[in-house]
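The next part holds the structures, each set out as structure tokens.
What follows is a pair of complexes built around chain A, which joins chain B in one and chain C in the other.
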Partner chain A sequence: MNWAGAVFGASAATALVGAVCAVGLKSIFHNILGFALAMLGVAGVFLSLGSDFLAVVFVLVYVGAVAIAMVYAVMLSVPLDQPARPRSRTKVAGAALFAAIGAAAIWLVVRSAAWPPATGRLDVAAAWAGYRFLRDYVLAFELISVLLVVAMMGAVMVARRSRASAEER
Partner chain B sequence: MSPALYLGFATLLFGVGLYGLLQRRSLVAMLISLELMLAAVSVNVVALTTLTGHDASMGQVVALILVGVAAAETAIGLSLFVAIHRASHSIDVETLSELKG
Partner chain C sequence: MTLLTGLRDWIAGFLGEFLATWLLGAALIMTFLAFNVLFLVLAERKLAGHFQRRVGPMEVGPHGSLQSIADMIKLLGKQILTPVATDRFVYLLAPLMVFLPTLCVASLIPLTGAEAFANQPYGLLVIIALSGVTVLSIFMAGWSSNNKYAVLGGMRSVSQVIAYEIPVLLAALSVVMIAQTTNLRQIVEAQANTHWYVLYQPIAALLFFIGITAETNRAPFDIPEAESELVGGFHTEYSGMRFAMFFFAEYTNMLVLGALGATLFLGGWLGPWLPGPVWLLLKTYAVIFVLIWVRWTFPRLRFDQLMSFAWKLLIPVALLNLVITAILVHGVG
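Our next item is the complex of A and B:
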């Protein structure tokens, strides 16, 4: 097994274990930690594809920012000592069944589609991706900037306590 | 490395995320599941453009845009979560039924 295959195997296993922890465990803190582990694994998968810049971005954004923001939101709100109500078995089984059907349908499509023949890995230099971003896809680049600014302002507006409701208290 | 390995991994990740989105009741856990599904999509795009495509930097561009959209979505989702918790002292989606007729 070559280098990329070993990296892919290890990081795919890490990502799947993290995803199962993120979904299956009871405590919301354990879910967030599992999510961070899953995103580390996905970054490793990108590394095995030769996309090192994307791997670094995933670690920075998901592990470094999104997971921390989730921890902040949970600490601001959830009463952690309150036990979760038990979940009815039929709903869990239904969710598992539906997810299995969805994944099986996707896998059937993957198997039946005629993919173009593998050309071997094309390594992408981060500089080339950046060049494309500022030449061919500059509109998408600017739209992402606008989207992030609007989302940030919207998040502040939604989450802050309005003056009227603060006076009511 | 064949693309089918990466596509299979992404399918599994997407399935786990879909299960979490359907099964969990906490809004934060549903947001986490949504992020897992988005990450699976990014893996698909990057794997297909890198292994079979002729333009591998296109996949990088799409994946970076997806990261940006997911970050914006998380910011909005978490602020909604804080606001909902402040209004109703619960984040359980099954108790948020005030709009039910």
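Our next item is the complex of A and C:
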């Protein structure tokens, strides 16, 4: 039996099931769990393709950090014992439209690129990724850093303002 | 050892060499972890007794040494209750899931420098990534219990882990900078050529220790399960073996993070006379002894104190330590 193929299939199926849960289920907490499952599945796909480093980073960032941060959204959800709020039709339609546009864009990119057959095991090693980030893609890297700093400053400002208004009251 | 190889060859007869080795390794690790929890619970209770000038459990076995086994039998026999208003699927999934990441991590600690599965190029990253997943099941337990104390405990756990994972990661990163690898086996081998990294990185070692105290939810950082404020925290609604699974995961997490600390800062399996795994265990239990000591010595922090301590003190110090390490490693060499 081809182990890599079996792992790939199982991981891809996990990712799809997780994605369906993340979008389809009613409770926001179940959505978050679905998202975490989908990201684990994607990490498994990377693992089966031999990119250990990317797989680890996926678990570290998406499951360990993003999904955990999403847990704060639970604060905005309705309690368990109350009926879930019905979904707005227009919002669902809008989300579907944007998802379709995104999928079409990815499909076009996939179609237009030339995909040479893999020559053995290609691991995106940490040292190689770091080298590329600080040489070839340094502009994108720095832009993302600036974006993160802005986001952090925004978070601090929001927190300060809400605390100040709470003290006035 | 001949018994083990014989057993492996026997399993390999119908499953193949590869699967047999991995299955046997997993079974050995699980067995060890189960016994380790029994031992640690007893050690915790006896040590807590002596730190507080009591004697601890004395009734079962000589000097209370069989207390954990009695406790285990009690927990196994206890009725498992499921409250009515829970989110049933998540409620049942949480105690099963909480143990998985810790188990995966336990197999990645190098014991002798010879075994195959601990020789991963990104071993340290895998361990840190997987220990971040544990908190998801803690929050699953808290939220699905549909109990306000449980939700509060889960919420506190999430905030705490997000805050304290950063100094742990930065402390581990300063070790990676010196060793120039994230492969745990190579980190230990690098310490064989120089000294234990606790001598080069005392601040990082201290940060790491404080961070793992918080990540294992132990006093003075045990606010997710603060008994006097939250009843039992995230596991308030769990009973019997389901509760025991959380307990099991917590003590196993202590062992794994203690072993990681011993590997990063105390030279892992290195040491004279005794075989490697014995040295690693001795160092790990030394770390755990200090964890227990701290727990029964310091009072619990308030939630805002806990957050300020991480964000305003630990993280800046960790960043500064990292910058100084980078300058020393690349400037001085």
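Convention: the second predicted complex is superposed on the first by the 109 of 169 C-alpha atoms of A that agree within 3 Å, B and C clash if a C-alpha of one lies under 4 Å from a C-alpha of the other, contacts with A are read in each partner's own complex, and residues count from 1 in each chain.
Definition applied: contacts are C-beta pairs under 8 Å (C-beta built on N, C-alpha and C of every residue); 3 or more make two chains touch, one makes a residue touch a chain.
The structure displayed is predicted, hence computed values, not measured ones.
With both structures placed on the common chain, the touch criterion links A:Ile144 to chain B but leaves chain C unconnected. Judged by the touch definition given at the top, the superposed model places A:Val74 against both chain B and chain C. Taking chain A as the reference chain, the count of touched residues is higher for B when chain B and chain C are set side by side.
In the superposed model, A:Leu54 lies in contact with chain B only, and not with chain C.
Within the superposed three-chain model, A:Ala6 lies out of touch with both chain B and chain C [touch as defined at top].
By the document's definition of touching, of the two partners only chain C reaches A:Phe29; chain B does not.
Looking at the shared chain after the overlay, A:Val63 reaches chain C, while chain B stays out of its contact range. Put simply, chain A uses residues 53, 57, 65, 69, 72, 74, 126 to touch chain B in one complex and chain C in the other. Note for the complex: chain A touches chain B at residues 4-5, 8, 12, 15-16, 19-20, 22-23, 28, 31-32, 35, 38-39, 42, 45-46, 48-51, 53-54, 57-58, 61-62, 65-66, 69-70, 72-74, 76-78, 84-85, 87, 91-92, 94-96, 98-100, 102-103, 106-107, 110-111, 115-124, 126, 128-129, 131-133, 137, 140, 144, 147-148, 150-152, 154-156, 158-159, 161. Taken together, the chain C residues at the contact with chain A in this complex read 85-87, 90, 120-122, 125-126, 128-130, 132-133, 135-136, 139-140, 143-144, 146, 155, 158, 161-162, 165, 182. The part of chain A that touches chain C in the complex is made up of residues 27, 29-30, 33, 36, 52-53, 56-57, 59-60, 63-65, 67-69, 71-72, 74, 79-81, 125-126.
Of all the residues in chain B, the ones that touch chain A in their complex are 1-9, 11-20, 22-26, 28-29, 31-33, 35-36, 39, 42-43, 46-48, 50-54, 56-61, 63-65, 67-76, 78-83, 85-86, 91-92.
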